[in-house]
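Shared chain: chain A. Partners: chain B in the first complex, chain C in the second.
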Partner chain A sequence: MTTPRGTLRRYAGLAVLLTGVGLRRLVSYRSDFLVGVGAFALRVVLHALLLGVIYRHVTDIAGWTFREAVLLLGVAMLVRGIDHAFTDQLWELGRKLVQRGELVRYLVRPVHPLFSLLSERFCYPEGIGEAVAGLAVIGYAAGGLDLDLDPARLVVFAVLLLAGALVFAAVKLLLAALAFWTTTSLQVMTAVYELADTARYPLDVFPWPARLLLTGVLPFALTGFVPADYLLHGPSLLTWLAPLIGGALTALALRVWSLGVRRFEAVGP
Partner chain B sequence: MIEAHELTKVFRMRADTRPGLWGAVRGLFSAETTEVRALDGVSFTVPAGERTAYLGVNGAGKSTTIKILAGVLTPGSGHCRVDGREPRADRNAHARAIGVVFGHRTQLWWDLPVTESFRILARLHDLPPALAEANRLLFDELLDLGEIADRPVRTLSLGQRMRAEIAAALFHAPRVLLLDEPTIGLDLLLKDAVHELVNRVARERGTTVLLTSHDVADISAICERVVVVDAGRVVHTGYLHELLRRAPTRTVRLEYAGDVDPAAFAHHIRLELGDPVTVTPAGRRRVTVQGPPELVTPQRVLAAVTGLVAVTDLVAPEPTLGEVLRALYVAPQPARGGR
Partner chain C sequence: MRVLARGYGALLGAGWRTALTYRGALLLTALTTAFSLVIQLAVWQAVYANQREIADYDVSTMTTYLLAGNLLAVLLSNRVDDTLAGDIYRGDHITGMLRPIGFLGTHAAVALPYLAVRLLLVVAPLLVCAAGAFTLAAPGLAGLAWFVPAALLATTLGILLNLLVGLVGFVTTSTWGVRYLKGTVVAFCSGQLVPLELMPDATRRVLECLPFTAMVATPVRLLIGRLEGTAAWQAVGVQLLWTALGLLACGAAWRAALRRGEVNGG
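Now for the complex of A and B:
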């Protein structure tokens, strides 16, 4: 069990077990879950309608046609869905786990505390649903586009999707972990999440300061634009930078998290 | 098994004392903080297999110590070892070695039945299937899980839940059990049930127990040793029965037959025993004698009344732990707590 492979197998087994636990728990909140699914479906329809309305007036936005923009929307949904399916519990960290000292329960189990925390909502159905909906949207868009889909290209695309999901997760972890210093950080998380919606639009429509922000500071461009741009227009500098940025941001977020756990005050009786 | 060496912990809090809206606005721009010294150099050891009570008034630093030993809080300075390990050095190994209950804070899976929590714990701790099954049967019997087995934890009563929490903390057969106020809010019967649960399992397995409680019944039912903290420092360690002997006052109750004037009789005993002793007539032909232990012994009381009355009953009850503790708490009780 001390070998890396043994550890990996142990965690994989636990992930399967805890995924089952999470799904069973949803049963106790079935109506809450159904309302959530309905609200999400409404959002998808609204985003699609908005794109449709815009493209009734213009033929392209910054060189992106309607189909291409729909592809971008699908990619953004897919990436967001992958992240959503595994790290949704971070919202609770920013909202109340530090404020109420409830994080202690994750610190006294013989697994990595972050794994323990995230495992409360592994394979969260809302996230899976979002990813599946994203795939469907991509499929619809691809039907009207002439895409070059050789295997090597698909592998790079998959890596970019993963890097995008890492960016999402890392930013969320970073902001949620701020709660260790500020007690709660839900508001800043919500604000930044709004910004993440920009991932749905071609980067070229923004002025350069916003482009810099979305690639260098809060690189949400990586969670939609970069993979979609690669699929449509081939590699660019950002294609090669994306995995590095995703990895670096994740490392930073993990560091901030462990510093935060060290100063966690475990308030409450 | 548990060693704490010069542990300190200071909590810094933003000064939030000004009332009203204006006070709140000023508070936003002030960098003022107040320091709360929760632990001020706490050292003690608990030998393997011993059950020790960790006592103190609210805010004395009990919970803070337990949190540090459990590895969820980093001490400001000093160090501690539990089962030979610094709690934060190897979190996984530490988590396997300890079981912990933090008052009302749940560690069960809130939306699942207790049995399901046990199943997850068995997997998290990699318990061999035979041991997991044996534990499940043991706690099934001890907790009488039959009636609550399929109900989500959140629907359990406080008593049912607290017993389930303790069972969950003991499920992976830890070598050290840390209990922070395990019986708070429970009635007498449920307290007894908790005592039985801890005693049965911890005694059988030789588990080292550190327990904080305000309840004297918890302490005398479970523990043989005590560590007393006050204002962030240890003020006493020793065996419970020795501590009881340190009571500042002893009481002797006497019943007698014979016709004497109660007031004169009381006065006579007081004169015989010496000055700080108080004697109060308590009902018909009964007196209560109270005073320093060296003056108020059953023998001296008996000697003082011999020849005046016929003694029909003489009782010298053990001092209560509450009395002893009150004398130990030297500092005035600070208005802290919640840590």
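Now for the complex of A and C:
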């Protein structure tokens, strides 16, 4: 009989081992990997530059100053980076694992299949880089803002960041699990992820149908705007709803994943 | 000559049927483009809340610029880089070279019906919807007349750039990183996200020396009448120059790639 502590230790050991395997696979295409990392860094710089270009001509957008908008950008990057670092393998589920029957190899291992799947890309370097870049951007923006950073506020902020990362992961899992019914769901995933860029903008600038979509249907507002708004302007209704929405969405995504796994059929490993 | 014409004709037909097969993907492209546009325009509406003009762009001209730029960007996405790199990765370029038509020409030809379908089923409906939903600055006849050839040249440049990116597969095997880099650079440097006039002078001067501005900024500036007379002729001349250089670069890269490529099996 394995104790919960023993199970946890075993899973942690497996996570480290499989992370190493994943990293070795990633760097086998060294030049492409390095170009990808460089492109990613450039994307971060260009996003910040784009904000800079717009703010050359205005002092604020919907009441958000340049520093506040940069803080929002940093928070959105940090949340996305946390999710990216741990759940990137879900793209493969939507892309080909169900279509080619390759998911079966995760189902025959003596660990939870979702853990087995995700652990192939644990601590994904691009995600870690995105999170670190997000922290750097937040640090730059915070330098010019008069933020109230007492411990209680930071704890709530950290909870909101985790809730945002849960929203990202849950939406990704839900869409990837659609592949159990549609064979492949990559295009839907890509399309919905385009909407995630909205997390980089103040929610106030969008028309009400878009605001409703981004808080009630695909709550990407929780992945950037809500934590940044809390840090800058204090609590709102969405501050307290965010952990509940993140938790509920995660529970729903796990349920859909379980249903999908049960109906999955493959000819063999 | 007749063999070539028949070969390319067959490719165009097959490409058209393939493009129409994935209608769901086209619908998703239309939806994401529409949403992306709504986001950008909402941000710019907020920017214009407290002022009438920015760098001589009023809100309707800016809306027209962003609409035209984003719809043109839909036609720069032609999948040539992805399919070409895939062929190289699998060694299928050897089979392609046995055909009586050029290998790169095959990939470029397949892109044409793909782009035609995107034009009909994504760009045109979005244009109609946007014209009903937003206040646009109506382009003049001269602007429209310049826009058509400039947009065709921009689309050609998009195909040539993607051919070059696909050929990187001979060097890196996987081309995800290079394609990601290309997408990022084109989106920012082409003027798709923000008109070049809004950028600092030094940045704008550098960007205007690169081929990316010929892919979005040039046709859109011609459309809204920002480039007229001699400036218009010069802008299209620069586009032609980049197209010629792109053709030469593709030819040189393909010849270099053939010396490097290895395929196992038969």
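One rule holds for everything that comes next: the second predicted complex is superposed on the first by the 265 of 269 C-alpha atoms of A that agree within 3 Å, B and C clash if a C-alpha of one lies under 4 Å from a C-alpha of the other, contacts with A are read in each partner's own complex, and residues count from 1 in each chain.
By our rule, a residue touches a chain if its C-beta (ideal position, glycine included) is under 8 Å from a C-beta of that chain, and two chains touch if they have at least 3 such contacts.
For clarity, every value in this text was computed on a predicted model and none was experimentally measured.
Asks: Label the relationship between chain B and chain C on chain A in the superposed model as either fit or clash.
Replies: fit
Asks: Once the two structures are overlaid on A, work out the angle chain B-chain A-chain C from the Cα centres, in steps of 10 degrees.
Replies: One gets 90 degrees for this angle.
Asks: Once the structures are superposed on A, label A:R43 by its partner contacts, choosing first (chain B), second (chain C), both or neither.
Replies: second
Asks: Quick one: classify A:L254 as touching chain B (first), chain C (second), both or neither.
Replies: After superposition on chain A, A:L254 lies in contact with neither partner.
Asks: Touch check for A:G101: first (chain B), second (chain C), both, or neither?
Replies: In the superposed model, A:G101 contacts chain B only, not chain C.
Asks: Check the residue A:L241 against both partner chains and state whether it touches chain B (first), chain C (second), both, or neither.
Replies: Touch partners of A:L241: none, neither chain B nor chain C.
Asks: After the superposition on A, what does A:A133 contact: first (chain B), second (chain C), both or neither?
Replies: neither
Asks: Quick check on the superposed pair: does A:R263 touch chain B, chain C, both, or neither? Answer first, second, both or neither.
Replies: So A:R263 only meets chain B here.
Asks: If you've got the overlay open, could you tell me the nearest Cα approach between chain B and chain C in whole angstrom?
Replies: 6
Asks: Please report the chain A residues shared by its interface with chain B and its interface with chain C.
Replies: Overlap of chain B and chain C footprints on chain A: residues 29.
Asks: Using the touch rule from the top, collect the residues of chain C that touch chain A in their complex.
Replies: 24-25, 28-29, 31-32, 35-36, 38-39, 42-43, 45-47, 49-51, 54-55, 171-178, 180-181, 184-185, 188, 193-194, 198-200
Asks: State the interface residues of chain A toward chain C in the complex, per the touch definition above.
Replies: So the residues of chain A in touch with chain C come to 29, 31-40, 42-43, 46, 49-50, 53-54, 56-58, 61-62, 187-188, 190-191, 194-195, 197-198, 201-202, 204-207, 210.
Asks: Note which residues of chain B are touching chain A in the complex, please.
Replies: For chain B paired with chain A, touching residues are 11, 63, 67, 70-74, 88, 91-93, 95-96, 98, 100, 102-107, 109, 111-112, 116, 120, 123-126, 152, 180-181, 184, 338-339.
Asks: Going by the contact rule at the top, pick out the chain A residues touching chain B in the complex.
Replies: Residues in contact with chain B: 1, 10, 13-14, 17-18, 21, 24-25, 28-29, 101-105, 107-113, 262-269.
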